[in-house]
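The structures considered in this document are given below.
Next come two complexes, and both contain subunit A; in the first it sits with subunit B, in the second with subunit C.
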Partner chain A sequence: MEFSHIFWTVLAWMIFWAVVGSFVTRRVYLHRDLDTSSAAFVGSMLGAATGPFGLAPLWMNTPEITRRLMVLPALGAVMVIAAAFAFADPSNNCVSNGSFVASQIVNGLILGIIYGFMALGLTLIFSILGVVSFAHGEFYMIGGMVTYFVTTVWFPGINPIVGILAACLVTFVLGALFERMFLTPMYEGKIERPVEYGILVTFGLAFTLQYFIQATVGANPVKAKRFVDFPRIRLPSVEDPWLIKTSRGNMELFDTVSISNPRFMAAVACVLVLLSLLYFLHRTWTGKALRAVSLDREAAAIAGINPDRMNMLAFALGGMIAALAGAMLVQAFSWLPQVGAIPAMRSFVIVVLGGLGSLPGAFLGGIIVGLVESAGTGCVPDAQKAASYIPAYGMMVLTLTLLLRPTGLFGRRFSGGAHGKL
Partner chain B sequence: MSKQHTPQLAGLVLIAFFAIFPFVYSANDYPYIMHLLITGFFYAILASSWSMLAGYAGQFSFGHMGFTGIGAYTTALFIHYIYISPEATNLCTEYAIGDQFLIFVNPIGITSSTLTQDCLRQALEIWDGSVQVTAMPVWLGIALGTIMGGIFGLLIGLLVLPLRAAYLALFTLGFSEILRATISAELAITRGQAGIELPHLFENGLTLFGRTFDKTDKLPPYFVMFFLLLTCLGILAWLSKSKFGLFVRALREDQDAAAALGVNTTRYKVLVFVITSMMAAAAGAMMAHYIGIITPNNLMILQMSLVVAMAVIGGVENFVAAAIGAIIIEFTLELLRNSFEVGPFVVDMTIWRLVIFGILLMVTLRFSRNGIISPMIDYFFRGHVAKETVAKRATGTSP
Partner chain C sequence: MKSWRISVVGLAAATAISAISFSGTAAVAASCPIKIGGLAPLSAPGAVGGGEAMRDAMLFAERDINAGGGVLGCDVKVIIADTEGLPEKASAIMEKLITQDGVVAVGGAYHSSVGVAAKDVSNARGIPTVFAETWNDTITGDKQKYIFRIAPLSSWASATLWQAALLVPNVKKVAILTENTDYGIPAAEETTKGLKSGGVEAVTFGIDIGTQDYSGIVERIKAENPDYIIVLATGEAGYNFAQQAADAGIGPQDLPFQAGQVALESKAWWENVPDGNMAFVQRIGTPVNLWNEKALKLNKDYKAKTGKGAIESYALEAYDSITILAQAIIEAKSTDGDKIVTALENISFEGTLGRIYFPYGTQKDPSVDGKGDEWWHQWPDPALTMIQYQKEGQDSTESPIVWPDAYKTGPAIYVKK
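Let's look at the complex of A and B:
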């Protein structure tokens, strides 16, 4: 960066006022006997965005914290960082090259949809069982592996949908079996600290599954063929296809944004499954029962729902969702037994950002994380460094969320049951 | 001999066994077994301090490996970048202290041909052997690493104060991952995946009781690691017997109730983080010097899962059991390494042993929540008397 000191100075200034804002605002609100649950978040964001000029009126007036007061300063803080970056490094691709920015944003959105979809499974498991499943990445990996073996090794040329269905079936059964065998004692109050037990036992499952696959399949990377080819489209005309131009493995929009086929297909599939999942959760009896259990176990049990069966269903369904994401992405990335680690971490980030247990939060969080990652990889000047830092971007989002607003975007406090108290 | 003293006696026998073992044992695989024991001690320190953090205080942190990394990298960077020289180089950043110069070598990273081109190497070439530069002592590096681990433990302890259960686990996991990504990415300073080489614990050899030890001899690091383990266990035993242990366990059971009864929950929660992370950092620094190289892969989640599994299988609510469990598991994992053939199939045990290990972890959690070693120790402690009888005797209702 040419003028990097500008950027670092602005960043230091923002961090300083964010820290001051988070501490003092909380104190001020506490002093005036007001609700402090979001005060630290608002204070830090306002401090980061405006420095002392926004904080002073906040401390003097102590307005009631509304949704607008939370969103606007956060957006402002992001804008200030972006502006500082633009001033500090005017020749960066992210600043000077509009089409690069557009394609980064589109790619970030597409990846974000896939990430969000995968995190959905994790948040479903948490909202019903109160377990943060550390084996989520392994379900993702197994989904990809099963699809690869069915479509490429055992039955080459078979319709990929069969492979995806096989992956879903395998992981659904695996999840249900695991839940029956290892998670049932949690519900009967036999375990003193169920949340920790859940973490450790899923951790053990992750360990076992990962090495089981490595022992049986081997550690060589595998990759499935593309499931579908794009049809050849040239719009508006063959001579000048400025609107959309497709080849078999790629799609180009407006001559600038290029989207690869596997990712696009994965995102489309994720959206379709998401819609059917929403239908299932909101329109069928079983789905409604699932949501009821996630809201209040005891009340659901009184209404005639068997929470134990819902637990099994939720764990199996959550694992299956991860496997579906893996099954769609095995055509995009090369697949290893260790491939689940990074998506699993990312899912943790997303569910915490969206609010543990919140389905729309998981999806929105996924898109935010997708955008943050594509901004991080695209804009950091040193490309090699940027690649090494990829796992850290999400984790920074996670730590910031936990520090400032542990309930996340749409988080709720759980009324009781097996969920970890915040 | 009364039965109450059985566990203490067993402990003493165990300590004596480990103290005498390297002098008695003399098979061909001596260096290998010694290496296993040293690694076992390393994991024992980690597992027992983690059991203090997770089992006693109820703070399920997944950042323990991060603290070992902090210890290891602190000493590595310290020894790699700081030297003492009797003459000024006029190339590096340097400060005169008395008639010596403290030299800060500039980071040049691993960019291909520049490996020998940092400012100190250039100065040495100019001097052409006329000046002797002293490296920093290893022990200072380890001490600094331990202190740095404590500082980071304090920081993390303060940050996680409002977080519980799942949120704490995720936060500490995030901390560990950010640390790993940063170390991998900052090639210029940490050399990324290539890792930093460190001098051995006794780089110039050691002469004790008329015996001279080479720097690659296993005996001195064995006893250093062993004494570190004993020190850590001693500190943990003292802490758990004192008020600290009681308060910390109260914290685990119900933080709000403990606070209401007058326990300074903030102080003890932070303190337990500081103490355990200092132990982890000291072990990490020591191990890095013993191995001779540190890479960011040492902080991987796999390493953390090993520590967690060792502590859980040993018994997470008993740090002695966790330590013994760590040593036993380290040995079992190594013994299971031999692949064998069943008919036409070659069973690659290097991977399958980890599968077995994972299943063992899950089954232990499911059916024996206090681990496997801990109930055995308990059994000895009671001296073959049933649990109920002990409880009755303690309350004094029965003779």
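Let's look at the complex of A and C:
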């Protein structure tokens, strides 16, 4: 960084006014008997983005806190940091190389979509069962393993959709069986500490699955063949394909952004399945029943919904979503019995960031984490450290969010025993 | 009366001291079976594939030692311990091997960070340890009495990397992808220093060993426009990066590319990196055509057991780390740590890697020959070669050795950017 003092000075100024904004805004809103749930967040973001120039009118007028009032200062703060960075390190690729920036944004989006999708399953389980599944990463791993064995070992050349469907089926059944056998005692009052029991029993499942696969399949990395090759496309012309150029394994847009085939396919599949899931939850009776249980189990039961059955469905569906992510990514990454550990950890971060139990929050949280990781990897000046800090970038966003908005982006306060909302 | 009491107390004290002494030197007398510890990463985040290869090789060592009559009239039992590739686990597992399992010596180990952490425990406990695949210079550089190594030194192995890189036509800039571990960081620093001495710029990118997605870092490397890429990453990280780089147009078929050592596992390499042809890979140990009877036999058994194309160099090292300890115990005629150290310092052992010996130690300091401290208890002769995959699906043992000239079996093919 050529002029690091610029960056650090601006950052110190932002932090100072963010802290002042956070404390004072909350007190001002409290003093005037207004809703303070998001006051600290708005105050800190406005303070970071504008300093005293934005905070003074906020404290004087104390407007109602709308979503716009939350989003705009947050974007403003990000832009001020970006501007300070640009002045401090003008030769950085993130400042001087437009195609590099475009590539990193696309990478971040694709990564974020996949992260968000993986986290959806976890949040679905939590919102219905109130259980944080520590076996989520293992469902992801099993999804990839089943797809690999079906498409590469047992039936080479078979349509990959068969492998993906097999992965979905296996994990759905596994999830349903596990829920019936091990989680039902929680709802029947047989367990004194159901939350701790849920954590421990899913931990147990995680270890069992991981070491079962290691014992039976081995620990050498495996990988499925690319499911489909891109068709050869050169647009607008073969001589000058500036718009789009594809090879079997890669797509290049605008001569700048390159996207590998497996990641593109995975992201597209994740978006399609997300839309299907939203349709299922909002347009079908079963989906509405799931949402009803997530809002109020007792009321749902009075309305004729069997909450226990919904628990089973939610756990099986949540595991299947993770498995589907694994099934799509086994063609992109080397697959091992331990491959699920890092994605699972990231899913926990995303779910808390987005708000426990919120599907839109999980998806948006995934995209935010994907973009932040991509920005960190691409822009941190020290190349030796940029990628080493990948896990830390998401944690920093999470910490900041929890400090300012403990319920996460889309979460709500839970009363005892209540769950999230879909 | 008083003198009688003094005598009784003295006798009791002497008995107690004798008892303590005997229990303290219990390891000296051989109690069957003689236990030797074998360190290997068998769980994530360690390189589990490498760990399993080492475990299999160490168990073959146990089989062969016992088939040859055992040690001091006893069978040898190799107790495999999972380090998970983590230094904190390594210290704990070394402590357990010594205090609970009662091992008299320890072999194996894959990750440098494991070696760095575990050596202090075994040295403090007086248990001779021969590290198999830990490269970090400080492992022997601390000149600890009970610590030996048959893997190459990091600084020395790095010289292979940069010397081979300097041979690449028109090379001006090299991108190094390294894991941020006790193996990767010093190796990258040494390689950068060597490249600089040859007038070549190097940019280093650090990664965590568990990283799966390299899209961001690949774009960053692309933006540097390197003429050569060197990967210093163990485990599946080496596969993931190589294929993702290939997808993005900076793989082994797009520019000269030196893959991590995991590329030596040919079957896994071609499955995980289908676009990995033309990759260069550093290999430890003599070329297959120079393998001795021991190595050929082990390779045959290993292939039959694992179904792999050939035994990996770190599996050979793991095998030798156990067999040389057994030989040292035989020569020491004891399981006493000090006697085993003396035997190791004087040993000349024909292992699968060649003749293993340790010229520097308590009897001769490395400084006598103007060598650095890292040569203490260090085998000086492991062969280091650079091979290149030149046909898709090729086995690493059949790939041509392109460097150094002493072992060269074919010319390098440098793909044009």
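Simple rule for what comes next: the second predicted complex is superposed on the first by the 407 of 422 C-alpha atoms of A that agree within 3 Å, B and C clash if a C-alpha of one lies under 4 Å from a C-alpha of the other, contacts with A are read in each partner's own complex, and residues count from 1 in each chain.
We adopt the following convention: contacts are C-beta pairs under 8 Å (C-beta built on N, C-alpha and C of every residue); 3 or more make two chains touch, one makes a residue touch a chain.
Because the structure is a prediction, the values reported are computed rather than measured.
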Room on subunit A for both subunit B and subunit C (clash or fit): clash
Which superposed partner A:233 touches (first subunit B, second subunit C, both, neither): neither
Touched partner set for A:341, first subunit B, second subunit C, both or neither: both
First (subunit B), second (subunit C), both or neither touched by A:197: first
Touched partner set for A:205, first subunit B, second subunit C, both or neither: first
Partner chain in contact with A:30 - subunit B first, subunit C second, else both or neither: neither
Which superposed partner A:272 touches (first subunit B, second subunit C, both, neither): neither
Touched partner set for A:220, first subunit B, second subunit C, both or neither: second
Touching partner for A:83 - first (subunit B), second (subunit C), both, neither: neither
First (subunit B), second (subunit C), both or neither touched by A:395: first
Clash with subunit C (superposed arrangement) - responsible stretch of subunit B out of 8-16, 26-34, 80-88 or 368-376: 26-34
On subunit A, the residue positions that both subunit B and subunit C contact, one per complex: 214, 341, 384-385, 388, 390-391
Contacting residues of subunit A [partner subunit C, same complex]: 93, 97, 100, 103-104, 107-108, 110-111, 214, 218-223, 225, 249-250, 258, 260-263, 332-334, 336-339, 341-343, 373-374, 377-378, 383-388, 390-391
Of all residues in subunit B, those that touch subunit A in their complex: 54, 58, 60, 159, 162-167, 169-171, 173-175, 177-178, 180-182, 184-187, 192, 301, 305, 308-309, 312, 348, 351-352, 354-355, 357-359, 361-362, 365-366, 369
In the complex, subunit C residues that touch subunit A: 42-45, 48-49, 51-52, 178, 180, 188, 203-208, 210-217, 219-220, 223, 235-236, 239-240, 243-244, 246-249, 265, 268, 271-272, 274-275
Subunit B-facing residues of subunit A, complex: 126, 132, 181-182, 185, 191, 193, 195-197, 199-201, 203-209, 211-212, 214-215, 341, 345, 348-349, 352, 356, 384-385, 388-392, 395-396, 398-399, 402-403, 406, 420-422
